[in-house]
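To keep things simple, chains are lettered A, B, C and D as they appear, and every chain counts its residues starting from 1.
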Amino acid sequence: MSKKICPLDIRKGMTIADLIREYEKGAFGSGTMAEAVETYAGMLTENCTVFLGLAGALVPSGLGKIVADLIRDDMVHVVVTTGANATHDLIEAFGGSHYKGVVEDDSQLREKGIDRIYDAFIADESFRLFEKKIGEILPTVKGDISVSDLMREIGRHLASPYSFVRQAFLKEVPVFVPAFTDSILGLHTFLYAQDHHLIVDHVKDIGRMVELTSSGSKAGAIFLGGGVPKNFIFQAMLLSPRTFEYALQITTDRPEYGGLSGATLEEAISWGKVSKDSRLCTCYCDATIGFPLIVAGVRDALQK
Amino acid sequence: MSKKICPLDIRKGMTIADLIREYEKGAFGSGTMAEAVETYAGMLTENCTVFLGLAGALVPSGLGKIVADLIRDDMVHVVVTTGANATHDLIEAFGGSHYKGVVEDDSQLREKGIDRIYDAFIADESFRLFEKKIGEILPTVKGDISVSDLMREIGRHLASPYSFVRQAFLKEVPVFVPAFTDSILGLHTFLYAQDHHLIVDHVKDIGRMVELTSSGSKAGAIFLGGGVPKNFIFQAMLLSPRTFEYALQITTDRPEYGGLSGATLEEAISWGKVSKDSRLCTCYCDATIGFPLIVAGVRDALQK
Amino acid sequence: MSKKICPLDIRKGMTIADLIREYEKGAFGSGTMAEAVETYAGMLTENCTVFLGLAGALVPSGLGKIVADLIRDDMVHVVVTTGANATHDLIEAFGGSHYKGVVEDDSQLREKGIDRIYDAFIADESFRLFEKKIGEILPTVKGDISVSDLMREIGRHLASPYSFVRQAFLKEVPVFVPAFTDSILGLHTFLYAQDHHLIVDHVKDIGRMVELTSSGSKAGAIFLGGGVPKNFIFQAMLLSPRTFEYALQITTDRPEYGGLSGATLEEAISWGKVSKDSRLCTCYCDATIGFPLIVAGVRDALQK
Amino acid sequence: MSKKICPLDIRKGMTIADLIREYEKGAFGSGTMAEAVETYAGMLTENCTVFLGLAGALVPSGLGKIVADLIRDDMVHVVVTTGANATHDLIEAFGGSHYKGVVEDDSQLREKGIDRIYDAFIADESFRLFEKKIGEILPTVKGDISVSDLMREIGRHLASPYSFVRQAFLKEVPVFVPAFTDSILGLHTFLYAQDHHLIVDHVKDIGRMVELTSSGSKAGAIFLGGGVPKNFIFQAMLLSPRTFEYALQITTDRPEYGGLSGATLEEAISWGKVSKDSRLCTCYCDATIGFPLIVAGVRDALQK
């Protein structure tokens, strides 16, 4: 009972900074939203190495440029992602597109050669474009290479400023894809490797992650959804003498079913991934709604 | 596949209007957020009678003034609420307070005389204040009265401009509380009625609601959560030759469990509560995050 | 860390009692399921007055007879329900039917005169049958009557052994419908009362509920979903010097959004609705899956 | 509106087969539960190759033996799992244990050397035992090996009949772990590989999966949760001329947030992973509740 809840005042002409100030007065999700902004801002103020976990297929919804810009502006320093986000980032960087529309009959979509991700759609030709373009890049990569090195080499060949894989290359931010084989990008790498000398070494990246969590400045983690990216970021701290000093997750999952995606950040204290003195914040919100809002709030707060 | 998804651009110094424009580029929840703003703005542009359903206990989180201001500015014309929202609105109007804090041990809270609503807290003394103040108002009400008339009479005695019950009185906006007896306000009315002549007629309000859905301008419905308020608003259309032309719901429930709170708005077409030509929008979001954002977006769009 | 988790053993020919014993070995939802059986069995072993809260529209899914049989067998002593459950119970008792099928186009359903509740369907003619039959019963009720008395009088005129309203009449189990006006039953009562002398007194039922929570044997509460039934049952304890000694809820909602439906039972300790010594159990499960299983488990455990 | 909903009849002494028959009468989750049994039974009756996806950390809750027994009885033919399930399966096979209890203060757990997975607990010493035992097995594996081959080699050294990794070895059922490096098992393999010649080839397994989906008998998929296992199974069909003829998922996630875990199985039609003629069933239920029930139902139905 530390703080009086004041009625939120919503009026025309508000800025994001105004809205966050109003959320700050409230309880339930609104109060948490304000805390999320403070948590992320705190990471940056304390010069944390910021690890960003990207679950699901967030890029098709339009979220990729936000990540690219955070990398560009030194607000994210390590990315751990599903293969889906990497694949769709490349598709857009190669000139492919996603569309949105009404959830339609899937049999008709199949006939039209359109693939659906909830209310986002992508034509088969975008995947053919992807196949062609990645087929031009892979021959430039040789020998035994870690996934994060492969992502860097792919980033080198991109032009789009909206691509987080490109920005990560430019800023020397590592992009980890722990479930690399579980993606269209992984499939095509596999097909290419059938008759070319290319060995993708997954294990190497563990060492690189542990190095990142063990040395340098303090560590902060941001999770959009859970899944492998969350676990891989948290797990790297198990081999480190330190803990994350900050952790922020935006999730719609819940703890009672026992999966890591829904696990509270407090649970991570028992594992030594964060400590009881870490600043922890969980927003229960669709990341495509909450993350843009939080990023806008942090950019305002820090004038970045 | 009607519209290309463009990458959201999030930068410092954004206004709410900017953010909504960015959401509009995206899919999943972000795209829906932009549609929600359009849907509510559409209701007002077409001069709909706007019915607002308030489930749960949203007022303790700080949401009450938003509703009060919407009533003041002719953006909401009928309110249907749980008894909880009415009770907590009055508690604040009477000078009581809600606090927020960390979710604590409930046994200790019990000993301290503090009641918890997730991360919102209220002291027993606020309820005693409520008891005293409502005990002063009830004697001014006489005889056989509908719930909405009782709410108006209570509103007459309030001073706080933050109270939606007060604003509803000032603007002659009816406040329906279909589960009136299911609230602290209902309990105290019951206790008072034990030895005073006060009959609260629930059935009368059905007639008033049906009148409101059957005549005058087009009808639009906004649901924060589901529950009795959603059902009561929708049900009133069953006795009307019309349907709601607009419906917007912000919910975190889901259809598969069969309850009305999670039911899609499309389901309501089968009942004739909305029609296939109605504009329908469902945001899956915590209302304390989503509703302030949508209201800010609508106020910007309409310069209200 | 009180108890070792043992691997569940699932084989052919199992009984429900076997399955509950297997659940008992496990964690997450499975362990909770076994606790739910113990919790309900505990209520009955300690001769609690069992209050059952029925949210949503569970009867259309086929759950009504389970409630009827629990009343018949002295396993439920007070029912608090939405108007929807009461209405659909009567529809079936009057000879109407619900159907199940694939979620179809709602516009087509509208044209066919079929109303949808997720994957349950009901024809308009069932509502017309309801209107006719309830129109024959209401004239037998006279004057000023509480909702629970009205439900008893309606139950008197039914024949179906599957109807929980009928069984409640036979066993003198009160059926409370706090949001009575928020239902088709409420609508028709309203229409009838337009030109007949029938006053439905809502407030009276508060007194009756408080009496039930304040006297007699210990009290136990079972909530299928949340909503008004959960709040009405819990609220009645606020005017009682006692608390519920047992509480079991089966819900799919969650605490973080602040509504009572998702609130933990622990939160109710702060309000004095249950005590820290009460036995509390929350199952996160679709009630149409979980409740039949729990009831079967309890019947086995107690040989009822 | 194809089928009348009949009231479920729940009585003492029921078998699982009885319960499924009762579920079959109902709508919402209960009806779906009966369909789930039919769907899985259908896969086996048609001699499908059954692919089982295991998300999260289900083994700590006690679910591992169910999987082991399904493998033993030719009811599961391919397993795709998170590293967490593999790790915890091995921990138990090595003699370690999981415990259940009340969700406690995580700082205290940390001090006591206990790690928490919701209401399941595991002592640090179980992880030390794991480290020791896996350190004895890894030297028996040589050279360049795929993850599924590594899992087979590990299975060769186990004794516990409750271990699904062991049963998979015995029955020559491949166990794929696409995010292998994202697990304690992966960590220790990495540490071992630092000074030993062991190369874990991830890409090889894609070829093996595609072979499995492309040849032999019809294919059926069962997903407990979503995540990488669901995507990896579905993705393998992208390179195959066929589709899954059956798919059953038990999930608590939802489609609107755009992640694959919550995606409907219908969405997979647009991708060609299943076809419009495939039998699809989604149960919205905690897998630790639903899967034991479904397996028991299938075993009864097929007398296996």
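Annotations
Here, contacts are C-beta pairs under 8 Å (C-beta built on N, C-alpha and C of every residue); 3 or more make two chains touch, one makes a residue touch a chain.
These figures come from a predicted structure and were not determined experimentally.
Counting steps between touching chains, the shortest path from chain B to chain C takes 1.
The interface holding more C-beta pairs in contact, when B-D is weighed against A-D, is A-D.
As for how the two copies chain C and chain D face one another, over half of their interface residue numbers coincide. Rounded to whole angstrom units, the spacing between the C-alpha centres of chain C and chain D is 35. Mean C-alpha positions place chain B and chain D at a centre distance of 43 Å. Separation between the centroids of chain A and chain D, computed from CA atoms only, is 26 Å.
For chain B, residues that reach two or more other chains under the stated contact definition are 27-29, 60-61, 114, 117-120, 254, 256-258, 284, 286-288.
For chain A in complex with chain C, the touching residues are 27-29, 32, 254, 256-258, 284. Considering their complex, residues 1-16, 18-19, 22-23, 25-31, 33, 60-66, 69, 92, 97-102, 114, 117-121, 123, 162, 284-290, 292-293, 295-296, 299-300, 303-304 of chain C touch chain D. Residues 55-58, 60-61, 82, 84, 106-107, 109-110, 114-120, 178-184, 186-187, 189-190, 193-194, 199-203, 205-207, 225, 227-228, 231-232, 235, 238-239, 252-261, 263, 266-272, 275-276, 286-288 of chain B are the ones touching chain C in the complex.
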